[in-house]
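In this document, chain identifiers A, B, C and D correspond to the written order of the chains, with residue numbering beginning at 1 in each.
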Amino acid sequence: MTGTTGSASIALRGVHKSYGRDTALDGLELTVAEGEFFCLLGPSGAGKTTTLKTVAGLAEPDSGAVELDGRDMTGVEPYDRGVAMCFESYALYPHRSAYDNLASPLRSPKYRLPAAEARVKVHETAELLGIEGLLERPVGALSNGQRQRVALGRVLVRPARAFLLDEPLSHLDAKLRQAMRAELKAIGDVRRTTTLYVTHDSVEALALGDRIGVISDGRIVQTGTREDIWHRPYDTFVARAFGRPLVNLLPGTVTADGHFASAEGGFELPVDVPAAPGTAVQLGVRPRDIALGGEGGALELAGTVYVTEVLGRAVEVTVRLAGGRQLSLVAPRAAAAGLRVDDPVRLSVRLENLLLFEADRPERPGRRITP
Amino acid sequence: MNSSTEADHGAASSDDAAVAGAPEKASAAVPGPPAERGVPKWRRTLRPYLLIVPALLLTGGILYPFGLGLYYTVFDFAASKPQPDFVGLENYRRIFTDSSFWDSAWVTVLYAVGAAAVETVLGVAVALLLHRSTLVGRVLEKVLILPLMIAPVIAAIIWKLMLQPSVGVVNHLLRPFGLGGVQWTDTPTGALLSSIAVDVWVYTPFVAILALAGLRSLPASPFEAAAVDGAGWWFTFRKLTMPMLWPYVLVAVIFRFMDSLKVFDIIYALTEGGPGDSTVVLQIRAYLEAIRFQRYSFGLSYMIVLWAVVYLAAMVLVRYLGRIQNRAAEVPK
Amino acid sequence: MTKRQSGTRANGAVRRRVLGIAADGALILYFVFALFPVVWMVILSLKPANELFSTYFSFTPTLDSYRTVLGAGQDEGVPFVRFFLNSLVVSLGAVGLSLVIGLPAAYAAARWRFRGSENLMFTLLSFRFAPELTVIIPLFVLYQQLGLFDTYVGMIWVLQLVTLPLIVWIMRSYFADLSPELEQAALLDGYTRKQAFFRVALPLVKPGIAAVSLLAFIFAWNNFVFPLILTSSEAQTVTVGALSFLGGDRPKYNLTAAAALVSVIPPLILALTIQRYLVRGLSFGAVKS
Amino acid sequence: MDMHGHLGHDRRRFLALAAAASSVPLLSACGAGFGGGDSRSDGSAADDVTGSFDWRRHKGTTVRALLNKHPYTDALIADLKAFTAKTGIKVEYDVFPEDNYFDKLTVDLSSGRASYDIFMLGAYMVWQYGPPGWLEDLGPWMRNESATGAEWDQDDFLPSLLEGTQWSLKAGTPLGQGGQYALPWGWEANVVAYNMEVFDKLGLRPAESFDELRELAGTIKRKAPGAGFDGMYGVAVRGSRSWATIHPGFMTMFSRYKLKDFTVDGESLKPAMNSPEAITFTRDWADMVKKGGPPSWTSYTWYQCSSDLGAKKAGMLFDADTAAYFQAVKGASPAAGKIAFHPGPKGPDGSLATNMWIWSLGMNAKSEKKSAAWLFLQWATGKEHLRKGAIEYNHIDPVRKSVSEDPAYRDKMSELPGFIETFEAVQDQTRIQFTPQEQFFDATTSWASALQEIYGGKSAGPVLNGLADDLASKVG
């Protein structure tokens, strides 16, 4: 992917922010390039919204700085930053109609667009979001999904230095979400407006982000393209954050000759682990890298079917290995047809995508060990 | 107000310059450059104070005499002693060693707790009943506020007239039931209860209106969920309505409790503190001492003590209110 | 929580109906208590003076009391109409000033957790708890010195002790209920903080403002001690005025009742005007969920 | 601030503190120069008035008056035009109802401001307002022939009234000595009024002794309701927790028993309302109220007493004659025309000692228009106005002999059975029966409270002893 080039449009430098005793941001470092669509992914409470509000000037950092276009924004009022934000709560003006909500930024002293022009813009945006028919309705009479689109529209309707979008698709139903995702992608590609997009949904992040940042406990764990994130996750936290079903993590130790030996004693892998013998490590295997049947893979495992779950054209199969550990894999529907619980199966694992991590510790997730 | 708006003006005008010609630029992809300079930190820190200080000045100015009053309490100023001496805390010592103070304090607490409790229970009950929005309720709701509009001192006089056993209308109406001889304010208990009743009459609407407003702004979904679950009325009331309603009601209760601790006009007009000393609440005693008997410093000390009592009670209640409101605010977004 | 058996549904409907009637009954009972004294005042005000204590419900009604109170009948030496106008000026002025000063304060207290905010708010509230009589004599002298005695300005100022804490404290709750993200959205839409306050926050708490203004107005209107001591003929208000009819040869309760009922008119009109807000309630549904 | 020379040196420390607290208004009371022997050393403003008496000396001046809502006041206000025409002095006035009047006046006076030049007060108030120096001594004005016209005629006043408002400002000293701190303007004798209708119907006669009165009150309460007087009880007397409960009927009857509130023992006062005789009397009084008095007696002020008589709920009223008068005049109440007056029960030795209330007019010691204010006082207490007030208005109970002897007045009052007879029967023995002292209001308020407790069932002896102990420390 492109988009990692260009000057930094948004930068957060060592930002600390706490609310009372709760630390929201803990030395956050983040740069978003000009025109880039950046997805910030993390669980709830990781500091995503605070990051956005800090950029917008709605929250003031305790220390550290926010830069927009290379300028320090300390003390600059939100309305002077030229960014637009879509709130997770929508933050629509409940006493106004959808039209007035959309037109609000255009009427503000910052933009002060003539009414006729504003009308054109509002209708363009509404059309884009499929809410043209709702414009005259009071916000209170809209469904959650409709409100979310109005909120998104209020962002898109105006020119902005950057869009800050806080879970803008979270309340849409699945179908609409997919359509909107595509729409957003298209808008992003066309407008090339710098976008900082917050989500807890890894699929969304992977689909939309030119680059992705993974945030946890107020710190960025890793930033990178989707390939970086997928193939070279910084640690098990990041690895777990992406991909459904979740990545399989098999505990084991480093053998005397530097190989990986699974803890349950099932198997040994002839990969070189750059760690001292006896170190506790984990082997990460993506469910899509495991196939049913014994042929072709460098590693073959045996177990019994524990549960199967149909995912559209594919089937997620959970297999219980000999030692009792469970493995998830995704198999084509045809391949998985006829599998019953407790049927014995053989699995083959593709070796090229295997991940190796340190063992998780109480204080931090295990980091990836580069082979 | 002024100072705060200036701050906003300053900020606004500086960017107006920065984005001059914004309408033309609006269709461009990117707005003008961000403002060069931010609002200095001290001004941002000061902002909330600027908003609140006028209110403090306005009331504080009025309260200057209060400080003067406080100052007088360390003297023994009285009409009979126009050349006062400094007496230190003697006035306070006298108050606290005087059994009549403790009697008054007890009556005051009884009155305030009684009035506030009845008003809360009755007010919430009336609000709940009105909230059902039946035809009867909708009609009555329009006149709910009426008693509050009669000045308490006049209300007390009208009530006194109505409660008068010989010519009062209440006993006239009760006579057919054989209760024509009730002597409402003639016994210590009766006088206290009658005073509380007048307080309740005047101020229950205050609590009811705030409770009703609170009820009407509660979200509907938890109640719908409870109804779907088949939760009983009592369960819904106890587990849903009250916890959510309480912050609204508590503000009203605090105001009522504090105001009843310093009740004056109702009792003054209804019983003047009698019979005996049975309804001599603290402010009545303070009034008698300071104004009627012109023992000015001593009466003032009484009021300062009363004020301290109210202040402490308020502190406890307000802290509680803060906790309650925070808890209410923590309901997930 | 126990699940009701569906078999008892018919039973439940009957029960609910009975409970509903009982609830209406309870409501009516309260309102008999609440309204009877008002009805009695109306009766008193319609009685001729010599029937005040000799009749109950059957009497010869007359509007003389109202004529007297409004200055068209026998002269009782109480310029009630003037007191009435005084009350209007003073109460409206006090509430208006309290709103101008109090709303920003309430907003600040709800939005910023600044150093000492709780203490400042509490101090503000505590002013209201000071027994009026504590300040009344020094205040009297201060007013004499400043020329505020018996003036509108003086009354409006002192009534801030009554109206301001009420407005600030209740409005703070309303502002606190309002999601700050609404104003934040306005800031990002390009509005200044002042505009965000006036265009977004204020309209949304309008029902609250209406309700609390009414309450503050009523409390200012009904205040007794301050106008009693701090005014004479120029700025005297209706409460003191209505009581003036009780002096003299006989207590003229009929006149006091008529005066008190006439005094109810402005707050009543105000209440009916904002009935929409008091009745329909202060719906925050759209904001909250 | 008015804090000139004669402040004592022992107050220096206080003044330093006072200055720190800025204006310190209340202390201006010191300025009036009360205390010790130096009080009148700087003379009276009356001495500045010289030359021949002239009503128009201050034409163009405005004086301010604080007035209590009262029929006498109505008469005064109605006649103000005559005063202005006569003197060219304008009078601005504020009128407050009695319930609030004295609070208003007290605050005003204690502030040391001269917001009003003239005000109404009762003779008892002299005891409270006099010592701090709030009241102008009117003696020098009365004695100055340049200030006072000959037609004012001091000797025309009933002597007991002028004495009732004259005091030396020393607790326990009798009235009638020292400064003239107010001028009597109207008065009220506390006597019995009764409903002739019920007396006729039940064949009763007014009581001549206290025992008879108690008996009579009980009889009416028992029998009147059955005789067509629904809900009627015997005798209306005040009972609220207020100083005003003591001074009318109670103090009158108390005095007719030769009982005293305080005894003067050299310099100090000793409470005497707990003497054995007083205890017996008080117990009997409470007993009378219980057997023949109003229900809810403890809330009874003169309003209730008076209106009960008018509403035919009370057979008798033992209170100010005016309280009955205003129910008795034609059309005023259902009982109008059926109310008669009687001096009330005599004491054991035949005494008709009667306590009275004197509505008086006083002058603010801080007034800057004393000379004009004096002209007003002179006019308001003069023959011309009082005669007009008595005959054309309801300024009854004249303070001047010339008015009470006026045929037109007697003619007017003769419509009320027994009024003039009663007035004349008690006139000689009517005076203020209390011992003058500054803590009068505290003492009588506590006394009323004690009375309520006795009425409530407590034993009279211990309650009155407790009261006496309490007062001994405050008054003595």
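As a working rule, contacts are C-beta pairs under 8 Å (C-beta built on N, C-alpha and C of every residue); 3 or more make two chains touch, one makes a residue touch a chain.
The structure presented is a predicted model; accordingly, all values stated were derived computationally and were not measured.
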item	value
Innermost chain, where centres are averages of C-alpha coordinates	B
Chain separated most widely from chain B, comparing mean CA positions	A
Comparison of A-B and B-C (more C-beta pairs in contact)	B-C
Separation of chain A from chain D, taking each centre as the mean of its C-alpha atoms, in whole Å	90
Between chain C and chain B, distance of the C-alpha-averaged centres to the nearest whole Å	12
Distance between chain centroids, defined by C-alpha means - chain A, chain B (Å)	51
Computed distance of Cα centres, chain D from chain B, in Å	40
Residue numbers of chain A (touch at least two other chains)	77, 79, 89, 109-111, 158
Residue list for chain C, restricted to those that touch at least two other chains	53-54, 137-138, 141-142, 179, 192-193, 243, 246, 285
Interface hub residues of chain B, defined as touching at least two other chains	11-12, 68, 167, 291, 296, 333
Every chain pair in contact, whichever chains are involved	A-B, A-C, B-C, B-D, C-D
Chain D-facing residues of chain B, complex	67-68, 71-72, 75, 77, 79-80, 82-86, 160, 163-167, 180-181, 183-188, 191, 269-277, 280, 288, 291-296
Chain D-touching residues of chain C, taken from the complex the two chains share	49-54, 77-78, 136-138, 140-142, 144-145, 149, 228-229, 232-233, 240, 243-251
Parts of chain B lying in touch with chain C, wherever the complex brings them together	1, 4-5, 8-9, 11-12, 45, 47-49, 51-52, 54-56, 58-66, 68-69, 122, 125-126, 129-130, 132, 134, 136-138, 140-155, 157-159, 161-162, 167, 169, 172, 201, 204-206, 209-210, 212-213, 215-217, 219-221, 229-232, 235, 247-248, 251, 255, 258, 261-262, 264-265, 283, 286-287, 290-291, 296, 299-300, 303-304, 306-307, 310-311, 314-315, 318, 322, 325, 329, 333
Complex contact set, residues of chain D against chain C	23, 25-26, 68-71, 73-74, 77, 92-101, 103-104, 107-108, 110-113, 115, 303, 306-308, 310-313, 322, 326-327, 331-334, 336, 394
Residues of chain D touching chain B in the complex	7-8, 11, 13-14, 17, 21-22, 24, 26-27, 29-30, 32, 34-35, 99, 102-103, 106-107, 110, 128-129, 131-133, 231, 233, 240-243, 294-299, 304, 307-308, 311, 313-314, 438-439, 441-442, 445, 448-450, 452-453, 455-456
